[in-house]
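Look at the two complexes coming up: subunit A is in both, with subunit B in one and subunit C in the other.
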Partner chain A sequence: MDKIYIICVDDQPEVLNSVLEDIGSLEEKFFIEGCESAEEAEELMQEIDAKGNLVGLVISDHVMPNKNGVEFLTDVKESDMYPNLKKILLTGLATHEDTIRAINKAEIDYYFAKPWEKHDLLLKVKHLMTAFILDTGLDYQDYMIYMDQQLLYRRLKERV
Partner chain B sequence: MKWLKNLLVFLIPAAVLILPQYLFFSDGITAVEQRVIAIFLFAALSWILEPIPIYATSIIVILLELVLISDKGLVLFREGENLGNLLSYKELIGTFASPIIILFLGGFFLALAASKYKVDQSLAQILLKPFGSNPKLILLGLILITAVFSMFMSNTATTAMMLSIVAPVLALFDMQDKGRIAFALAIPLGANIGGMGSPIGTPPNAIALKYFSADNMITFGEWMMFALPYVIVMLIIGWFLLMYLFPIQKTTLSFNFKGSRKMNNKILIVYITFILTILLWVTDFIHGMNAYIVALYPVGIFLSLNIVNKEDLKFISWDVLWLVAGGIALGLALDKSGLAVHLVNSLSFDGLMGYVIVILVMLLSALMANFMSNTATANLLIPIVAVMGTAIPGLLDVGGSNTIILATALAASMGLCLPISTPPNALAFATGFIQTKFMVRFGLIMCLIGLILILGLIVVLRNINFL
Partner chain C sequence: MTINGTYQSKESLFNRIKEQFFSNTEVLNLKKGDVLLHEGKSNDRLFLVLQGSLKGVIKHNDESIELFHCEKDMFVGVYSFFSDSGNSYTTVIAQEPTKLAFISKGQLKELDLDLVEFHECFLPIIVNELHHRQQDAQRYYEIKEGALKKLVVQEKLAALGQLSAGLAHELNNAVAVLNQKIESFNSRLEVTLKSKGDQYIELLQKTSTQHSFESSKEKRQQVGYLLKQHKSITRPQAKKLACILSDEQIKDKTIVQNTLGQIDALFEAWSFGRDLHDMKVATDHASHIISSVKTLAAPNRDKEMVDIKFTILKALTLVQHQIKNLDLVTSLELGLETLAGEGDLVQVWVNLIKNAAEAMTNAGTKDPRIEVNLTSENNQIVVTVRDNGPGIPQEKQKSIFAPDYTTKKGGLTFGLGLGLSIVENLVHKYDGTVDLSSVPGQTNFTIKLPINHG
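Let's turn to the complex of A and B:
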């Protein structure tokens, strides 16, 4: 079975921990890693890729020292190294302009405003991981009970 | 432990390969027969324990056969004394395009077009309307509609489509209302049982079709004629049992279908081709074209009218086709090497009544189907029971090969008990509304009733001299 990673990035440890906790129930099937800066995340992602494993989803804060979230996600997008990668921006402080760039340049899949609903975040992560697994052509049967059922049915009924 | 299990899959067949020949049967066997035993063991172990995907096992079976027992195999394996009959490599490779593969391809094209133009979904919604808003009747409607679709589409695709309609409605149930279990179990019931209704409903049926004796062929139409009543009876029993085990408290239920789709030329062509193909399938006694040839009509029509394009071809389940091909190649090896006859003759079934053997084989088939793929079950059992039917006196009295092949194939659709039994069960289980114990309770009862009714069906068919 392929190792699929979910990377969470936030410079504030307490926020990072609460994200990790909210999606912790997925840890049985996916590898969940936390990073405190964009640079650390980029390094980790390259390492994962070099070992032949997959990054399925990045959840990133926006306002961070050095490289901010939108820049980070844009770089990841433009590197073309992670096809089908899903991206969530999780932030309380993003300007109108940042938000536009997040959608147009980084092509993020979802925007969460802080504070977020724990339940909504988990559902969205499941949804995006389901899309990643199906887009990448992995065997969905291995992950079935951690997937977004509706999306799974919709995509499966196209296969005959 | 896992690696040990996986290693056994390869070691046991390898050990069989190097044993001295006189150990096998009292009268000894040929080198080719010995290799076929090893390949068969590998296939059986690998399909049961799944160290590699089941479709990969099929491909390895064909590859092993080409190398070890074909007339163009490795030179080393083509000589020696007491070699036996080598198989034609053309025939082995030809299994990829065997008539039943083409039959399935035709079915896939129908399903592909139906799904692409959402004909299946619109039709399901239209068919569901007459069942009103009484949850009990809607439950029946869902079971029947799922069954009808799964007769012509894959059981998995049908289940996914129907669950996508049902799942949002299930969320409206009270947490305590057991009715939601009934609804979630209704879909795999319809899909698994409905698949028995036509030769292309599920691969075991098509595999059975291939092995029916040439002089007593069962046609597409004939299959539907006896399978449909069986399916309907099973579904009605299933409906009552679901309502009894999981009473529905909710009094009304309504579906909120968004917008009806307008008819256009392409959708019209899909409908017409669907109807034409099914009509041709069931009227072969008039026009003489068998089901395999008819299966190419939708392929030809959809491709030339660009209803199905080359991008869509990716959505075809080649894994299912190849899984079946490997089974045919395995059957070919058992038959052409002479091993099957050899094996059946050396086992003593004397004194056993025909129906006792049929019942034992049905139980084995249903048991295997609950723990592994239905198709792999049929791949392993049907080539052997086909020979049993021609060699065992007791079976000849009850209709010979056709009887036991039919019983085995139908019993292979009784994988109703566990989430792992079939993909429809797994999908329904993943909704989260069903606990394993509910599925086991309902599935076990249905499985026993199903087996008894298959036996009844066979006795009836025998008495009207059909088998």
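Let's turn to the complex of A and C:
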């Protein structure tokens, strides 16, 4: 079974803790890691990649010192290292232009405004992880309990 | 009788008219407040002011509006004398003891003048009079416009003050409730955990009052270490151990093994503590922001001795979101005091720092950096705010202090949209000065304030 990582990035430890805890129930099947900066996340993602493991999803804050979330996600997108990677921008403050850039350049899959609802976040994460597993061609049966059943059903029907 | 000369310069024409028509006429003396002409009443005299001054007013909605004023060597009654209606359109009042020479329509007839020639001769005078009144009107308009603008700014500030005060009050109530509940939750948890053993209480207390936790990176290293040292430990277990145990304890194999037995319960206690800690951090942060906003918008700005350093620190808290992505370097001397409204000064720094940050963000400045220095020089407090942004073009360096000047093109900004004009007003209010020097790559705002020795 492949090791699939979910990376959460937020410079505020308290907020990072909250995100990690909200999706903590997925930890039995996925590897969940928290990072306090974009740089730390990039380093970690390279390590994961070097070991032959996969990064399935990145959940990033936007307003952070040095490299902000949109820049980080754009760099990740443009590196072409993580072809099926899903991206969530989770932020309390993004300007109109930042948001446009996030969609057009970083090609984010979802935008969450802070404060978020645990239930919604968890649903979205499951949905995007299902899409990642199917896009990458992994054996979805290993992850059955965390799958977005509707999406799975639809995609399987398309295949037939 | 004819009028001598055809075209003449304004001065000589005036002198000629004065000599020919007003040298041997009757003279009228007015006291201050005497009314020469009444609005809407007929007038058949043309007056020349020999001494003193008068003003022309009209009544509008029970208010007197001043339309023009006349001094020595100017004519009064021009409109009524030359127009068809023959009525004065203003009430003309002497503003001081005033002496006038006049000529009436009747006298004019007696002189047996060619009226057309007479009117032509007076034409430059009439035009001049009209132009003069037009200028007056323009001046009044500008004064009024300026007053209106000031009023709008004041109203904006007052509205913001009220809004923030109300908001701060409401938020403080909410935060106070949260604070109280966190405390009570904390003590109740301690009671509950007591039955489980001292280890649990210690863990809860330690975590909930901790000042800093391991960074995400350090934690990852600890997890890696535990997994390497203990083959039987699962990854989720290692993560929990990294939370519960200290750096030294993690290296002790016996402690690690003993902890494993009750790992879930201990982790639960640790999580409670961590959550309580995070909640306290969040409410502290909220109260701090609220108090800063309150200072900023405080409606009564009493002067007091303020330490400049603290006002700068407050301002930095308020703008922390805007300066998150840039390098901030501060060198702030403690103990420099001046007599001022604290909120006013905070507002000055907020505006300067915000402006610098926004200018650099908009220009996409590479390695953006803001330096804030506080020091003293020649018995004056000197604060400089320096950035390495695009700079302000020479031709704009004056206009940036105007109330409606802005470089911002929309986007999300928390501000009054008054920026530098407010900075200048506030600094002047405390007998200070604002200086600007700017070239691409370095912009300096220097504020000087008097030092007050308490």
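FYI, the second predicted complex is superposed on the first by the 159 of 160 C-alpha atoms of A that agree within 3 Å, B and C clash if a C-alpha of one lies under 4 Å from a C-alpha of the other, contacts with A are read in each partner's own complex, and residues count from 1 in each chain.
Note that contacts are C-beta pairs under 8 Å (C-beta built on N, C-alpha and C of every residue); 3 or more make two chains touch, one makes a residue touch a chain.
Owing to the predicted nature of the structure, the values given are computational and were not obtained by experimental measurement.
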item: Fit-or-clash call for subunit B and subunit C when the two complexes are aligned on subunit A; value: fit
item: Touching partner for A:28 - first (subunit B), second (subunit C), both, neither; value: second
item: Most subunit A residues touched (candidates subunit B, subunit C); value: C
item: First, second, both or neither for A:93, with subunit B first and subunit C second; value: second
item: Touching partner for A:157 - first (subunit B), second (subunit C), both, neither; value: first
item: Contacts of A:13 with subunit B and subunit C, given as first, second, both or neither; value: second
item: Least C-alpha distance (whole Å) that remains between subunit C and subunit B when both complexes are overlaid; value: 13
item: Residues of subunit A at both interfaces, subunit B in one complex, subunit C in the other; value: none
item: Subunit A to subunit C touching residues, read off their complex; value: 13-14, 16-18, 21, 27-28, 31, 33-36, 40, 44, 63-66, 68, 93-97
item: Residue numbers on subunit A that touch subunit B, as the complex places them; value: 141, 144-145, 147, 149-150, 152-154, 156-160
item: Contact footprint of subunit A on subunit B as seen in their complex; value: 108, 111-112, 115-116, 120-121, 153-154, 156-157, 160-161, 163-164, 167-168, 315-317, 423, 426-427, 429-432
item: Subunit C residues within the subunit A interface of the complex; value: 213, 215-217, 220, 235-236, 271, 274, 278, 281-282, 321, 324-325, 410-412
